[in-house]
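Single-structure report; data block below.
Chain nomenclature is as follows: A, B, C and D, assigned in order of appearance, with residue numbering initiated at 1 for each chain independently.
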Amino acid sequence: MLIRLGYDIQFDFPCATPMVALLNVHPSRESDLVEPGHVAVSPEIPVTTYLDTFGNRCTRFTAPAGRLRLTSSGLIRDSGQADPINWAARECAVGDVPNEILIYLLNSRYCEVDRFSNIAFDLFGNSPTGWGRVQAICDWVHEKVKFSYGHARPTKTALDVFTERIGVCRDFQHLAITFCRALNIPARYATGYLGDIGVPAGGPMDFSAWFEVYLGDRWWTFDARHNVPRIGRVLMATGRDASDVAITTSFGEANLCHFSVVTEEVGTEEAAHADVAEPAAA
Amino acid sequence: MLIRLGYDIQFDFPCATPMVALLNVHPSRESDLVEPGHVAVSPEIPVTTYLDTFGNRCTRFTAPAGRLRLTSSGLIRDSGQADPINWAARECAVGDVPNEILIYLLNSRYCEVDRFSNIAFDLFGNSPTGWGRVQAICDWVHEKVKFSYGHARPTKTALDVFTERIGVCRDFQHLAITFCRALNIPARYATGYLGDIGVPAGGPMDFSAWFEVYLGDRWWTFDARHNVPRIGRVLMATGRDASDVAITTSFGEANLCHFSVVTEEVGTEEAAHADVAEPAAA
Amino acid sequence: MLIRLGYDIQFDFPCATPMVALLNVHPSRESDLVEPGHVAVSPEIPVTTYLDTFGNRCTRFTAPAGRLRLTSSGLIRDSGQADPINWAARECAVGDVPNEILIYLLNSRYCEVDRFSNIAFDLFGNSPTGWGRVQAICDWVHEKVKFSYGHARPTKTALDVFTERIGVCRDFQHLAITFCRALNIPARYATGYLGDIGVPAGGPMDFSAWFEVYLGDRWWTFDARHNVPRIGRVLMATGRDASDVAITTSFGEANLCHFSVVTEEVGTEEAAHADVAEPAAA
Amino acid sequence: MLIRLGYDIQFDFPCATPMVALLNVHPSRESDLVEPGHVAVSPEIPVTTYLDTFGNRCTRFTAPAGRLRLTSSGLIRDSGQADPINWAARECAVGDVPNEILIYLLNSRYCEVDRFSNIAFDLFGNSPTGWGRVQAICDWVHEKVKFSYGHARPTKTALDVFTERIGVCRDFQHLAITFCRALNIPARYATGYLGDIGVPAGGPMDFSAWFEVYLGDRWWTFDARHNVPRIGRVLMATGRDASDVAITTSFGEANLCHFSVVTEEVGTEEAAHADVAEPAAA
């Protein structure tokens, strides 16, 4: 399957403002890119990219005062397979968790693990361990929290989600991640493209948040917001929580004035065209 | 100057419990060690060490049920110089902050930068930038917050410190770090040994927390708790906040039953003895 | 001056639900009513009224399942004078505050006085006392907090307003009230009608929140949201904060489906008509 | 049964400070007083008493700079009966709750009812209603929260208790009260004397907090801290939460320097003596 990816994001900056964008396909998916889809910045300004400590490809620049436009259009090969399910996946004992994954057991800005140990144990302490426990967490969050665009706010933490029971996709994942960590299951936040492939159309195309859980000896995809296996996730970034992997982080005032995302399966004709496109740069 | 370092920390574990300890001298100070002072664990159990993503040397093991004792005794060469002061140190424009240091501008568990932008700007927006601004922050925190052992708690954030105005050393540093980050000055949390060298004795020897600020092109030591240059800090770990660099993190119940620290200047006689000791292992 | 008052508020109730409404003109203004403007409830159901401990006239009923409509239309005589200003009004020493007013110095749900003592003293400790200090508080809140309908939420406290600096009228007043109380100045929350009399039209007519401060030996009106003297406030209720005097409190699910308010000056012709209307019931 | 009551409470005031004390036996128990036990203030200063809006007898004065001592010694007749248990007590439908009791269904400073609706329903929505539901709440709080003098703090709310699961008696009651209100059961905070009558001695004598629940047509005593019927409670005050009925509220700095309480059953000999004492003033 081929998926067309892209966005058109525009900001107004009252003055020159440094910015970091996580708007690239994740390095783990770069080899799938048929058309690379670099970040195009207009007006043309110096842009650098780097890998952060979580392994994400970041784009960095100083936006001049005025309108700034970030666009991209790429094409990626995808397995077309839905998120794998593996009820046999077992928890990795904390003592066996790889060193570099231990941080995904700790507190972070939006995931107050220290305030959730008792709550998580009360709710899920009797669930089977491993995949079943994570699925029980997703079921609970999916059932108890209501989706509402109007209830997003930048300071909302897992505890706020737990008490308010309403929010956007990032809120669902923060709560589920916090439950996992409180039960000593490593979990991290993920962002990327998620289209409507294989499901009824759900409104304008958009980025989405989901989360990953370390079971057995690898990371698995979970999504407490949708809570069904989905086709066509294209990972952009992973981190402890949304604070680490904000789509854009601006160090100063930035007023979003346009935001549109494309992420859709493309048919064979466009595919044929795409196949002759230049290979993706690594 | 030579400083004798060590500790005797004991826990009771109701059952086998994985643990990570940041109880080693920081890699940046290892070459100063005259006697290495490894972590000794009793009873003898398998122990591994690794560097975490912040560059700290971590000790990792699974404590068996019962009493566990962690001890160490080392000797380190120190410049004997107090923390440097450099009023000429200028802020590094965010656009020039090295990639790997950008995370020290972001939110973390105990440092809710997103809730402090306005507060920090109100309080320090008119201070001179650079060293002077950081010093203004330290002066404010030092003056406004009262030290009290009885007012520590694991969930206390910078915002709690700001409203309660009382706490222990970590609380002082969390608030100062958060102010710095909210003003786009990279700041990180530091822990280590800090004795009474050059100051009146201040009670039992202990570890301490301070913080580091990136000004110009390097990190500088600040300490909103003491707010005077001190001699003899021996760094153990740096991270975003206390959640990243807890002295010990246990994944299960751990009851502290003994805690003592040694950190004191030693005279020439002991120094002479120490000089013939084996060189520190890297 | 005569002011036409009224509303049309409709809810859908999934099941029978007890409700309390504070939708009457405050007893202190009842004698000004030319047309009484009782709460009309449709469908017709048993309704009782009572005075709560704060002296507000409450309407109480159990809404049946389905649509419920609350309407009212009244006419009130008003002085046409703007909120009085009295720079000479002095603080009432706490020792002289009447017994029944002491509770307006204490904590309430949205006014965490205990967390604001230091913040308030830092900000306003050097302001002149009395009227000047309250005005300094209003100026600060008015300048620092931005109005935005999109940033209301039921759990938002004064501390949230202080950090987020954005909200609706109730948020402005909660923060100002909390500052006052933290400085030992009695302050209470007020709701009522506030039209655009004497000011540029500001959108749809609505209820509004303001607050009252006890200075000298009486309560005075302040409004940190508008921060200019206004004509035509018609008080409905006062209490500790919005939790005490919610326009409607439902003990179960209630879905607001229509909300409109009328509050406008009426000309002489309608006035002439009104004058022959029956006198208001006490 | 006769119970000797009294206290000796001392403060140091850096400057003259207004204070309100709730240190009198509640009006509902005044007729049981064999010896009245007025509040004695030393040095002698003007003192007034009044009933607050909750019906408590308050003592009010302005403490001069220096040491202030509040003492009392009284004797009260008590039924000697343990707190009544009535499994048949039914919930009062919200629509039938008396007007003046409705406020005990609302938010207060330490009882964030608005944040607990879902949590309470998740935990207790399937419990039988009435007495059984309140008892289920007490059982839960008593089992889940650990008592610890070291974990009191003035800003601790029900939500903090719910996440931290540790605290003092007021914390237990705040959480239980909040659960009740979130389930539409009126609940209020109570303070008073509680000795060790009929139970093993539990340390120094002290005041205690418990709570009252409105079931059927009256208030009943519950105590999530002890969670067993107790003999010899002597009520001093009720209110929404500890903010309303703090033992002492000082409007300025007050440093507690001595605190002792007496509350113990007295034998027949002292009783004989007591019976000839003057009758209690109303």
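The rule we apply is simple: a residue touches a chain if its C-beta (ideal position, glycine included) is under 8 Å from a C-beta of that chain, and two chains touch if they have at least 3 such contacts.
Predicted model, so just to flag it, every value in this text is computed and none were measured.
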Could you run down the chains that neighbour chain B and chain C together? A, D
Relative to chain B, chain with the most remote C-alpha centre: C
Interface residue overlap between copies chain A and chain B, same or different (over half shared): same
Chain pair with the higher count of C-beta pairs in contact (A-D, B-D): A-D
Whole-Å separation of chain centres (CA-atom averages), chain B against chain D: 43
Chain A to chain B: how many Å between their CA centres? 32
Mean-CA-position distance for chain D and chain A (Å): 50
Hunt down the residues of chain A that sit against at least two other chains at once, touch-wise. 112, 115, 155, 163-164
Indicate which of the five shapes (line, ring, star, complete, other) describes how the chains touch one another. complete
Touching residues on chain C, where the partner in the complex is chain B: 112, 115-116, 118-119, 122, 144, 159, 162-165
Looking at the complex, which residues from chain C come into contact with chain A? 150-151, 153, 155, 163-164
Contact residues on chain C for chain D in the complex? 18, 20, 50, 52-53, 58, 60, 62, 93-95, 99-100, 102-103, 105-112, 114-115, 154-155, 184, 243-244, 249, 251-252
